[in-house]
């Protein structure tokens, strides 16, 4: 039996990356591991996510917030890596060690892992969050190629953590031309993995759309992690659905968040 | 010209008194003095109050909370002394130094001061808050007699602060008999001040009712500070009214909080 | 205290139910607690045929609440019965089907089918479908239409208790309640969400694709309590109260103004084990306050 | 940007007004800011004779809001004109009288008196008096009664703009708006408070002596936006939007869905200088977003 997958825990630490107003705020939030009563924690895989709701949310916002699991370990705790976007992440950013947090998860499915297959890892901005552990766990990192597109400086993204494990290329987008170059790179690289490779991606919607388009054009498919707004995280409210080609609207939280690009509409 | 009487300030310190669950929580909250732009702070008098609204209230509660001014000084800051009652005072109790607080005041009228007149100061529980400064400022403390009825132990009330200045008697109420004795004391003492003395009182409603009843019976009057629930604190919402015998319902915040007992209904 | 309550013959082990649309088909919450603990659960609104619901986005934050415009997405009554119902411990907790249709006759067909299924304890008729056949007026906003739907459902439901779920978006909810009770409703549940809207001043776009949605959560609790109170003065059938419940004290407030049982909706999104915890918290609070029986406490507001 | 707006001929320096009942008679706020800064202020509901209002307690907390049942306490129209109006800078900011009466003829007499007073810029007719002469139905909940009151007031108000203030406690607010506009209303303002209730589960008592009160504050903003949006589709007169405004962004949201001006109510209790600060914050936000004119922004929601 698995215990209750909704657990109470506390803040262990917050680490801030980058600096300066313009960059936004990038934070690794580590929670005390809530314990293996919830045996699902023994089996979690990169791509899965958690719903996080600190007590400090009070009644605003009412809904918890979903975040990819960056790492989870009984000793080190459970980490998420997030960017301050609005009221929820602002309240997360002002947490102090020891403050109470409700956590449910691990939720959803995970990215495919095929150790013998050339794998293209595409990360857009904060979409890098699930990939630190993905590349770390990979048994044949020489089969991995990671491309990371970002606007805020690399210092915001704890970039060292990803590097060194596998082939990693970061593309800093500072002007329109950079964006064009980055799209061109995707258009060039994705097809190379369309036949006998694996493509996994996480990032903003336009980024995923580009990847899907290129993959579709080349008769390939990529695994895309979607970031729809969520309320329950458990497949109950139907607030987070995406259009699945054969199944109609499906819950991103329960059926995803990772989908094959050829099976969904974005 | 007086500047805007609504000012932004920050928490300077919190001092907790007493201990143990049963006693409730008693806290002196000191705010940085918000400055004499608001020249009314130069003239404040005991009995006046402030509306306090820490940013941490968020949307819950929406309304600020009224508290008697315990002391106010440019160096020392502005202090209130409160008991944790509900959601508002709970949030006040968890403030940390440096947190932002909105403050408007000093508001309302004050207790009469007649230095040459024998003055009976009646404090019930947390109703002692305005009297520390009242007795301290009094020019002829030998004319003061203070009676303090309380249920939680004296340690909750920073009692030393009141003592030493004037004649002070504390009555600890631990059982029904103590209450009867205390009421008997009021019935015995109030009449002594009804003719040529001054009676001022602050405390829970039943306490004020007893004082009013005794004073009424003896053709005397006492100044009672009322603690009605407030929203605006400035006489605008009419949420805090009490029944004035000649004027009908009047705002406690603007016309009071101190009223002569023979002019109002409780 | 004996925590059981009785809704028109349906006995619940305690007054805590979960509200339709916020608890999926029940099975989604098995990881978070024991379904048997609940007094009952109302499953997502079911229609005769599966439906796809509204476009995205469907949910948005609101002060002390949330907005939703899920629309009528559901797997259809038959799929529910065949694929989900058997996974639920319906012998130990009341599984209530929430009905959603666009005409009285469709409601009747749905009721006929669902009332014959073993494992369904009662029907809750949701009469605030925004896409009804008759000129855009909602069933739940017109007493005679509400009565017609109620009658149609009752006629085809046999012995099964029929609960009619009322919307607060009316001038006079008490007269709506009277209309459905006169038409045969065995109980009423209220409130559904408040008609509401949220927009983004920067992008100039609505935050829900459907533009208008339903407000739920603590923000609406004072409105819900008022509605339950007014309905309790107007009708004699059991009332299931809901709207913004997030604590055991909230549950008691609804019972105090006249509800027999309650449903917990948006609070299930505060944490998925919310309803399970609430059952324990309610028992503890009832003890603490020395409440002796529901019959004694219910509707005992001192006015 | 030019911040001025025009409500049926009445020009305001900016769209920020204060809402009736939350800003006293204006004078109470002189210690907190310059009244001249405001686009306008609506004073506490005035009746022909002074009134004492409801028993205490009259206010209570609510999630993201508050409840009030002040009743009709006011010093009466004559006292207001003689003792307060002259203390207000009515040459520089629009002072709007809010009218409160219990019959159409009383409304008319009140309008006749107030519309002749120098210093009053417009009349706002509050048609949700809970104690009206005709069998407990509120004026604001019945289109024909609302129209009758509007006509009675218009007939006796000469050139003065008449704003009718609508209640959200109706099935169809758009048809209420149409009714009063057809009857001659120069503008509408909305929303008044939501009918609501709060009780104490421990003492078993209502938190308001009046039992039922009005819910205001951020909790009701999504309902208010929906109402303004629906009314904006239905009528062509200017709309003054309100309900839960606590920021400049909120102001823009109301204008985005169709309001010409706004009123700030409960937020005045968050801090008494709230409305003054809001005027500056609104100007700054308009700049930041590059809004070029109110005519361009108003009602520009992309649906």
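To keep things simple, chains are lettered A, B, C and D as they appear, and every chain counts its residues starting from 1.
Note that in this section a residue touches a chain if its C-beta (ideal position, glycine included) is under 8 Å from a C-beta of that chain, and two chains touch if they have at least 3 such contacts.
What you see is a predicted model, and the numbers here were worked out from it, not measured in a lab.
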Steps in the shortest chain-to-chain touch route ending at chain D and beginning at chain B: 1
Chain at maximum distance from chain D, centres defined as averaged CA atoms: A
Where chain A and chain D are represented by their mean Cα positions, the distance between them in whole Å: 47
Separation of chain C from chain D, taking each centre as the mean of its C-alpha atoms, in whole Å: 34
Distance between the centres, which are taken as Cα means, of chain C and chain A, whole angstrom: 35
Chain B: positions in contact with at least two other chains: 59-60
Where chain D touches two or more other chains, by residue: 62-65, 217-219
Overall pattern in which the protein chains touch one another (line/ring/star/complete/other): complete
Residue ranges of chain B in contact with chain D within the complex: 2, 4-6, 40, 53, 59-64, 87, 102, 104, 228-242, 248-249, 254
Touching residues on chain D, where the partner in the complex is chain A: 63-64
Chain C residues touching chain D - in the complex, by the definition given at the top: 62-65, 67, 141, 169-172, 194-199, 201-206, 211-212, 215, 217-223, 225-226, 229, 244, 249, 252-253, 256-257, 289, 300-303
Partner chain C, residues of chain B touching it in the complex: 59-60
Residue ranges of chain D in contact with chain B within the complex: 21-24, 28-29, 31-33, 44, 50, 52-53, 56-66, 68, 70, 73, 217-219, 246, 266, 268-273
